[in-house]
Amino acid sequence: MKPRKTAVPQTSARRRRRADAPSVVAGAPPVEAVAEVRRNTALSADAFLLDLMVDMPAALPGQFVMLGLPDGAAPLLRRPFSVMGHDPSRKSLEIHYSARGAGTRVLSELRPGHKLGLLGPLGRHFPQAAEVARRPADLEGGLAPLSVLVAGGRGTAPLIFFAERARRSVGGSSGPVLFLAGARTAAQLVLLDRIHATEVFVSTDDGSAGKKDTVIGLLKSLDGQPDFALGAAGRETRRRPGAVLYGCGPAGMLRELHSYAESRGLPCFVSLEARMACGLGVCQGCAVRLTGSRYALVCKEGPVFESCLVDWAQYEGA
Amino acid sequence: MSRQRRESTTPAQGRRGSRGRPARSVSAGAGGARLPDLSVRIAGLRLSTPVLLASGVAGYGEEMGEVVDLNRVGAIVTKTLTPEERAGNPPPRLFETPAGLMNNIGLANVGLEGFLAEVLPQLKRHRTRIVVSVGGFSLRDYEKVLASVDAAGGAHAFEINVSCPNVRAGGIHFGCSASRAARVVRALRPLTALPLLVKLTPNVTDIGSVAAACVSEGADGLTVANTYTALAVDLRTRRPRLGGVTGGLSGPAVKPLSLAKVWEVTSRVKAPVIACGGISTAEDALEYIVVGATAVQVGTACFRSFKTPELIVNGIIAYMKENSLSSLQELRGTMTLAPAE
Amino acid sequence: MSRQRRESTTPAQGRRGSRGRPARSVSAGAGGARLPDLSVRIAGLRLSTPVLLASGVAGYGEEMGEVVDLNRVGAIVTKTLTPEERAGNPPPRLFETPAGLMNNIGLANVGLEGFLAEVLPQLKRHRTRIVVSVGGFSLRDYEKVLASVDAAGGAHAFEINVSCPNVRAGGIHFGCSASRAARVVRALRPLTALPLLVKLTPNVTDIGSVAAACVSEGADGLTVANTYTALAVDLRTRRPRLGGVTGGLSGPAVKPLSLAKVWEVTSRVKAPVIACGGISTAEDALEYIVVGATAVQVGTACFRSFKTPELIVNGIIAYMKENSLSSLQELRGTMTLAPAE
Amino acid sequence: MKPRKTAVPQTSARRRRRADAPSVVAGAPPVEAVAEVRRNTALSADAFLLDLMVDMPAALPGQFVMLGLPDGAAPLLRRPFSVMGHDPSRKSLEIHYSARGAGTRVLSELRPGHKLGLLGPLGRHFPQAAEVARRPADLEGGLAPLSVLVAGGRGTAPLIFFAERARRSVGGSSGPVLFLAGARTAAQLVLLDRIHATEVFVSTDDGSAGKKDTVIGLLKSLDGQPDFALGAAGRETRRRPGAVLYGCGPAGMLRELHSYAESRGLPCFVSLEARMACGLGVCQGCAVRLTGSRYALVCKEGPVFESCLVDWAQYEGA
């Protein structure tokens, strides 16, 4: 069954510019601000939690910021990082990053008090499951759809933010949230205690924690009961208006997630990566190929895309 | 077509007048002391500051409003415009190198029709000067874009991009020889009364000759320079790092190179030069002015902070005060060679 | 003059034979596994590793003995030699830029007489291959240096420097046009049976044509490339940062540029190319090889550590093992363009 | 009175290469080694004391090392720094530096355990006063000449090393050592407690410590009694075989020191600066102009030069 296109519009750069709906793009325009390191905690050999003090308009789950490096450091461009948590009142912004290249290694050396340039919040957020309902009638029963969050590796961060917001959403407008976290090995499952969801499932490639499988394998194994398509979330008895899949992780994993969503006819939203320069949609540098040989800008029209719009044969990550 | 007339026909004059805001002086913030005059003239066009946003890094200025104080930049040079809408080249389009950025965007742009219908009306609402960058794959392309935009009104000057290294058979082809560059200027000069700038490629043996050829055909000024042809390879896949194979290198890495190119050009021609290449600080900008540039463009450095142009303007003001300069004219082209030379 | 004959006449052959040391394979240290073959051939000359020390950064190799293991480098290219001793240009001679180094040494060198009397006898005691860099201000200069050094014996190859940007009326003048470069090669080719390399300047519109002209006159290989003309200004004094006004830019900043130049040359000519420009790591060297280079030269990176060439050799060995390559030939020129192209 | 050329040969690059006397150039050839930060102490806003652990052949006063910066840092080249103290048995090397540009600011952020590349020891050391004696007969009385050390700003470091060695030299072969330290203001006189000399004199431009004068003014004021030319070192009663001046500091100060030495007919050795790349004498980058329009390489033929050989009209520092 081919998923129909859902209520969240995803069109070409130019058309979207005209059609921008404030409810879809985050309300506040981005600002450039100075972010001060509050804490920079090593969670494992190469995973870090960065707690920044910064005055920035409220970010929504799926949005990201561009972080500049100190002047004495070699890398030139700011680096994009998903928001893992944001409390504008406390001016607290949390980023989870893995030290993999020159820029993130410089980040990993920062101590409290260090200052960084920041641009944010940027990009489009994950739509809530309720917004994705295919027919408004679905919501009539007062039941929001099931949200199934599938995170691979450091893709966990934005989905942790998403799950936390869903949990806190007013009036139970959000339905149950299943969180599936996959990693290569147990030592890399560094953020489990930060996940707040209805249920959390874990897999590792080497079986050192949770199911020994990829996170997509885990997803498929869970699919039998609760039937995602029907939205029966295990202990729920009443029928729900279906499930919505959310994914963040390596390119290969997202590609598989999309295939799965397609095969099950489920709407699916993924957060993509591309090398970025401006973060604002002005340099045209972060293009990814959509179906129909169109390009979209990850920083402005993404990073969250409905998976059926992406040309997966072309997508390789950043 | 005198400079006088050209100035009075720029739309800026009318707008400035109608709003009654003097565009001349830029405030450095607080402080009552008389401010140095930052304004510069490029052909008939007066810019309130000598710091422009380079083509391709600011789009059409729309998204920038929140993060850049556009009143502090002398002008925005728009993303190069071609007759047809272009989706651009396959990704990846960016690759970072030591102190540099390689890009191969492939002149992704809205095309003439979209520009006239959607972008230009927005641009006219800006208070900043607008320099429209004109691109193409044939002489006819350049003519079409320039004539149409000129007719529509709203632009304050044109920058002819004969130097984009990222599209086959276009752009740079015209910029790589003095005679071909001259041909473009000869064709375009009669089509507009607005200042006509030519953006040169640095990827040539003798940029001075290309500059001289453009000026002799009536170019009002030269932008020096576009990016440097560059390549990077992914060892894992043995494929180029950019979808378009080669890319153009920009950023601090190229500043010493473009400074030499600006010197070559200002030593050769009298026309005003707008320097562009790796400018990140006021010192960078001032070095170019000392070497003979009239104004500067900021590109890649915006990606580190969109406040860079504003900080550069502030830094220039501070330098002028420290050195008791009342106008940039006193600084321009004042490089002296060491006595040993 | 066949390649065969040229090889057998190189002094290296005799020395190698007499000492009974096979120059072919380089040991990666411990470990019994069969090592990949790092040796490369440039014309008739076999180098034990593809990593050379670039001209000007190692002098004549004398001071290096303690800090560089010269057995790990394929060859030393000596500081460019001119007929007369040269004191060099006025200081400052160096200026650091973002990820780059500008130099204007002005070909300071001992001169032919000093070279033959003092340097060459020392060089002959090295076990490393010696490439003598030949410079000058006229055709006659080049001829004189090359013929004299050839007659004295001890060199294994010549690198003709037609690309020094730092001496007026010399070097680069010859490298900036295909016809002038061809003239130099035509004059020098008959004067030696040793491999003749030409070191090209990247400061040209079309390096491929210059390369092709050199090869058609009998050049055995091309070194791509020398430094990029650059300028920096001291704002305080408004004087150039270098005593010689402009300088040549080298270092990581220029790697993407020279990689593109090497690609231009290897796409155009079949002769072996020795890549040079910003090589600091094995990855840099391997990228050049994937683009078509036969060997590489390390310059500026030596100033961060003289162990760099050795580390690059080790890194190449590691890469070859990981990728099960038994010789660099399997890697050379294997860049494939993305399918989208 | 024009100073005659003394026993320490200072000739052109090429000639010196042939004539190298091992007693003049430091014995051990330089090595490349890894230096680990033991301590990096801020002495004032921009003055730092760097204590490195490194295996390096013994350095002599006036010699220097080239320090590489960490890979993530922007500056490319190693930076030259004079040795302030070296104890090869403890593998301890001390550097005093001021954070003035990009490279030294990076240094100032280093913490214990950080590792740096190092090349050293490099260059020619200060000859001891006894070696500079004009006539061997001077030394017959068993009296070594007076050493007058004149340090401006961060030029103090190599002279501290020199004074310490002179004090420890066996059999009193070294005569009395006068140490003159000048700075702009008292806060910049950060190393006074490290100076071990027969007598220490201080000047500041603003009079906040010691004599309110330049260090050259201080020198001239001291010249009356003890007569340096005669070598009567104040409380000494017997005649000494003259004084030798040693200088390290800004270009202007060294120029004045040389004029003074020339006017008084005293031998004078100064440590010069130039931008360096290789540090080994192979790149020809660090040339300074000598009299007679010759060039010398600061890294190899210097940094210590007899002041009468320098073309002071051309010397501007690095």
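Per-chain residue numbering starts at 1, and chain names A, B, C and D are given in the order in which the chains are listed.
The rule we apply is simple: a residue touches a chain if its C-beta (ideal position, glycine included) is under 8 Å from a C-beta of that chain, and two chains touch if they have at least 3 such contacts.
Since the model is a prediction, treat every value here as computed from it, not as a measurement.
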Shortest walk length in steps over touching chains, subunit A through to subunit C: 2
Steps needed, at fewest, to go from subunit A to subunit D via touching chains: 1
Where subunit B and subunit C are represented by their mean Cα positions, the distance between them in whole Å: 37
For subunit B paired with subunit D, centre-to-centre distance based on mean C-alpha positions, whole Å: 50
Sites on subunit B at which at least two other chains make contact: 90, 98-100, 251-252, 340
Subunit A, residues touching no fewer than two other chains: 74, 314
Contact graph of the chains (line, ring, star, complete, other): ring
Pairs of chains satisfying the touch condition: A-B, A-D, B-C, C-D
Touching residues on subunit A, where the partner in the complex is subunit D: 71-74, 102, 105-106, 109
Residue ranges of subunit B in contact with subunit C within the complex: 90, 97-100, 102, 176-177, 203-205, 228-233, 235, 238-240, 243-247, 249, 251-257, 259-260, 263, 278, 283, 286-287, 290-291, 319, 334-338, 340-341
Complex interface listing, subunit D residues touching subunit C: 14, 17-18, 29-32, 68, 74-78, 117, 119, 274-278, 280-289, 293-295, 300, 314, 318
Residues of subunit C touching subunit D in the complex: 56-59, 63-64, 66-67, 79, 85, 87-88, 90-96, 98-101, 103, 105, 108, 110, 114, 118, 251-252, 300, 302-307
